[in-house]
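Going in written order, the chains are labelled A, B and C, and every chain counts its residues from 1.
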Amino acid sequence: MTFTIRIGRILNPTDLRCVLVDCSDDFAFQKIIATDTGIIKRLDGLIVADAESIIKNKHVFLGRRSPSYILRVNSEVLQSSNPKANIEELVVEALRMDFSAVISTLTIGHEDERIDSNSVKLIAILSDVCYDYELPFIVEAVPFGERVSSENYSESVGLAARMAVEVGASIVAVPPLKNIEDLKNVIESVKTYTLLMDPSSKLVIEKMQQNLSDILLSVLDIGLNGIVLGRSLNIGNPVDLLTDVLSIVHGRLD
Amino acid sequence: MGGSIELSFGKLVRLSKIIDPSDGRSLVVAADHGLMLGPIKGVVDLEATLRKVIAGGPDAILVSLGQARKLSHLFTGKGAPAMLVRVDWTNAFRDKTYTLPARSIQFNKVATVKEAVKVGASGVVTYLFLGFEGENDHIAMVEEFSSECKTWSMPLIIEPLPMGPRVTKANYVDMVRKAVEKAVELGADALKVPYTGDPYSFKEVVEASSGVPVLVLGGYKALSIRDSLEVISEVLDVGAVGVVFGRNVVQDPNPDEAVRLMRRIIHGKETVTDILRERIKPPVRILVDVERCSGCRICELACSFSHEKVFNSSLARLRVKVSEDGKAFIPYVCNLCYSCVNACPNGALRVNSRTGAVEVSPELCQGCGVCVDSCPVKVLKLINGRLLLCDLCDGLPECVKWCSRNALRVEGGW
Amino acid sequence: MNLSLSGRGYAGAIAKLDLSSGRVEKAVLSQKDALMVLGGKGLGSLLLYNSTRRGVDPLSPENPLILATGPLTGTLAPSSCRFSIVTKSPHTGLFLDSNCGGFFGVELKKAGFDAVMITGKASQLSMIVIDDGDVYVEDANWLMGLKTMEAEKKVKDRLGEEFRVLTIGPAGEELVPIAGIFTDQRCAGRGGAGAVMGSKNLKSIAVRGEKPITVYDPDGFKKACWRAHRRIRMHEVTARSLPTYGTVNIIETINEAGALPTKNFKTGVFQDTWKISGYEWRRELWKKDRACFGCPIACSKLTFTLAHVVDGPDYETLWALGPLCGVSDKEAIVYANWLCDAYGVDTISTGVIVSFVMELYERKILKSEDLDGVNAKWGSSEALLRLVEKICKGDGVGKELRLGVKKLSVKYGCEDIAMHVKGLEMPGYEPRASKGMGLGYATSDRGACHLRAYTADKELLAYGGAVDPVKADGKAKLVVDYQNEKALIDSTGICFFASFALSFREIGEMLATATGLPLNEADTLRTIGERVYNLTRLFNVREGVRRRDDCLPRRLLEEAMPEGPAKGSIVELDKMLNEYYILRGWDENGIPKSETIKRLNLDLIISLED
């Protein structure tokens, strides 16, 4: 995949890594913005649900050294008479606003397989349009639904991640796996930039800080390109967490 | 940034990548010459040149679409320069200096704004010529670009230029102003304009831009980078926000150093004199390259005028002689031998510790002329009892400054 | 009240010397005159018009020889070496101004004079000496018959190295109509000014001055000059093309455009141009760059031959003695150049005469017996050198040849191919491949001249936007603009080449700070240029010039260009001329209308008989 300008705004070209923060939840976004803006500037990107949040806080995003911003697209856009046109309009608006990428979730594992199918459809159309406009496309590969269990979780992640790549994702994000070997296999089959999603299981959250650092170090070791932080920032001091994560991911780069 | 309330967010955020929001200034390097002029010196191996340029830290680089796609990896990462894409082509600059000189002015679109958006550009650049027959068609083309830029929230940078038979020496400055006004009318978000030569006339041009940011173009490569730096300083003083320099950077033997120096003026807010004083260390020795001297005597004029405010070579503290056979021109300058200091019987001459130049105490000088005789290059003069001698112009010699041929140089200067 | 001009760039005085009586008068140059005509060409034209009557014989004592500097001469303005020699031409019988560089003009101003007007005739061969304000006349018989460089050296040996010398060669002494005036390897070549000097029994003028030249606003002037110098260092033509290859830098482009007149203007393409390109000259023969006073460009190139140091060749000389005659032998061209300089004749006229002879030889109208045995074949270096030598020395057929192509063409009945306008031989740009140049030749005030309206700038060299050279539309305006602007520049004292990089704004800034006069508006300067150009036209009109004289040789009007980008083209002169007269405010006969004269306030400075 050509290392274009937009990819280069997300992944630091020197170490090919990134720290992204998911601010799709507006409350979370405000909380982050309310913290020390200095740390925000050091992030590689922020994920938002719409352009408003960017416009309202434009001072954060001006200049060459500011973080990139990424648009989250969910399945609502499919609910129209002409989903492709809808999605195209969305992507064009994203380009106008100088978003660096679009992100969406591929969920598979529902009892009602039509839901799985719709998820794939959304990803496919998004991928097609993003390719036309050379806008990087990040897919979160998240097995979710009644049919997903702790026994088939790793393989389901593997399945979803591979599907994302086949459909045309530029970057894939995967949830943490208990077994590091399983994660290694996922990366083997995906062969594109891969990020770690913020652990969402309550269990992991309880033993937070220590585990996150360890987890991060081990996945970076086997070749993952970075992390998408979300709910972890609601616990404790987000600035401290971000500082730690940045130093682990980018090392002395900053 | 600009005075435009109507600037869309997309244009605003993209412009902020070109014009640094912390000081409102910009250093753009143009590297699109290959399209208009061919493989000129400096752009033959574009990637290699751009790597050097980027090492110097420009705010943005202008390339054509084809190169943009091939070299986009150079524009990635925090601190990387923004990318500008040239969307039109013309033959108008292929004057006699280049292959296949133009016989009539032609112009064309060569890229769409959409493609520029796709490749990740922060702005597009197009020419606007005023002064020739096809003017109206050119304006129509720029209008189309302007509308596309609005659709895509892509900043439009227009390069308004007087060009063609209607341009004369008498109306040149007026034509620059008119072209700027037209560009603003057509929706330019920034302007790339030629320098009119002096700050007073240029101020009028800046005023004509009605708040649209003005960047000054560099044109042909100057003989000395000192001239480029001075021009940059002058235009910033009267309201330009920065420059778009091409040949003056890419054709410099050290493009990274050239960019760094320009950054010091633009973002560092230093003056040319600041930089020169840092580079020219005392004792300031004037180096003479006899091969390069053309016998023009400008050095004598500059010396006489700087010291005496009149033009008279006899009052200069250096001289140029023609060799007996008429085949060479030889400047004789003070070479800090201090023979005069040693010869003075009255202790009236001493050495300035800062510059290394000889100084005279008028109260002690008896006008005996022993020093004049002692000078091996005969540059000391006694006129009406007053001793004229080279004071190295306080460390920045005027003769060196005015010599267009580098026949007179100082170490560290240009 | 007319305030003095001294201390405002000008010296403030004009010397009027009558060689018959030996009387010297010093006149004051007024601010009013300065604002109207500035200096240089403008001042010289004004003096010429007002001190002559219609029909004065150019070789008579009544024809004044005027040397005029401009307000910027001798200052830090770039290339501030220029002065104009203005007189009535013995070659054309019309207005003549010849702009010259070197160091003489500067020295004249340092001697205390903006201009010198010489009338009368000395009783024996003489030299005028201007020594720091004192003007006197000396016997110059010891200089009689000397070549220009020899005479100059002898004068300097006698009077001192600091003296600058104007001199004529043997051709000038012999009143040859194509004789020029030479100084420091530079010349005022065209139109026979050398013969005027010879007719006054004047061999040389030597000048030396010590007076400092001062300006009105020293700090402002210095800044303005610095910016002008900087512009010159930042412009391709003045920073690179001219310094590296001199004026020869254009020759390949001119040839590629099919505009390099070859073989007496039979065609515009010369096959061997590559042999005489600037690159070739620099590689083989040019050894040094040489500058005139105060010039950062240094367009002159010195060629060192075994015997001589030759300044040149420049484009016109190279062309006239080269492609025009089909010659590409560099050494022959250099020697021919030296001969012309030494004997003191115009190289352009000489080259055109030789090529005319060669065409007559080709047509068998002239045979080698008529030419003292010279086989005047196209491209023959031997023929070139022998004919040039004859023209220079006046040997054999040379006596007749040196009278110019117009007279020759009458004798041999070949007016159609006599390449001149109003009697002045045509320079090196083919009008059929550059229509603006054609109109410029036809309407130039001194006869065929490429400098009055250098439209080649845009038509052939594409500087500042290419203009289709073969189209006649729009050329009238181009010519008018260029003529007005050149007339202004010739009145300032700076060199045309420096002006390539400058707009009127920069020139105006220098003039205004130097003189303290309201000269910074571009429009004021343009008007002065237009005024001067109309003034010289009025002189010519007074001498009887009408539309029929603003013409071109039949060859250019009727013979289609045989090859090159301008193939098939002829010059549509009538059409362009009609438009030109209208734009100029002249009537259909080419006479400036009274409203034009009044608009330019010319009625205030000259008296109009008709």
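Assume contacts are C-beta pairs under 8 Å (C-beta built on N, C-alpha and C of every residue); 3 or more make two chains touch, one makes a residue touch a chain.
Note that the structure is a prediction, hence the values are computed from the model and not measured.
Visitor: Nearest chain to the global Cα centroid?
Guide: Located nearest the centre of all protein C-alpha atoms is chain B.
Visitor: Taking each chain's centre as the mean of its Cα atoms, which chain lies farthest from chain A?
Guide: Checked the centroid distances; the maximum from chain A is C.
Visitor: Quick check: how many Å separate the C-alpha centres of chain A and chain B?
Guide: Centre-to-centre distance between chain A and chain B: 46 Å.
Visitor: Report, in whole Å, the distance between the mean C-alpha point of chain A and the mean C-alpha point of chain C.
Guide: Centre-to-centre distance between chain A and chain C: 77 Å.
Visitor: Could you give the separation in Å between the centres of chain B and chain C, each centre being the mean of its C-alpha atoms?
Guide: Each chain reduced to its C-alpha mean, chain B and chain C end up 34 Å apart.
Visitor: Any chance you could list the residues of chain A touching two or more other chains?
Guide: Not one residue of chain A touches more than one other chain, so the list is empty.
Visitor: Spell out the part of chain A that touches chain B in their complex, as residue ranges.
Guide: Touching chain B from chain A are residues 2-9, 12-14, 51, 54-55, 58, 61-65, 95-98, 133-135.
Visitor: Under the touch definition given earlier, write down the residues of chain C that touch chain B in their complex.
Guide: 74-76, 110, 210-215, 218, 222, 224, 226-236, 239-241, 243, 250, 253, 256-257, 287-298, 302, 304, 309, 458, 460-469, 474, 477-478, 481, 484-485, 499, 502-507, 509, 522-523, 525-526, 565
Visitor: Can you list the residues on chain B that touch chain A in the complex?
Guide: Chain B reaches chain A through residues 8-10, 12-14, 16-17, 20-22, 59, 72-73, 75-83, 117-121, 152-153.
Visitor: Tell me, which parts of chain B touch chain C in their complex?
Guide: Where chain B meets chain C, its residues are 91-92, 94-97, 101-105, 129, 131-133, 162-165, 167-174, 196-198, 201, 219-220, 222-224, 227-228, 230-231, 294-298, 301-302, 304-306, 308-312, 314-315, 325-329, 402, 404-405.
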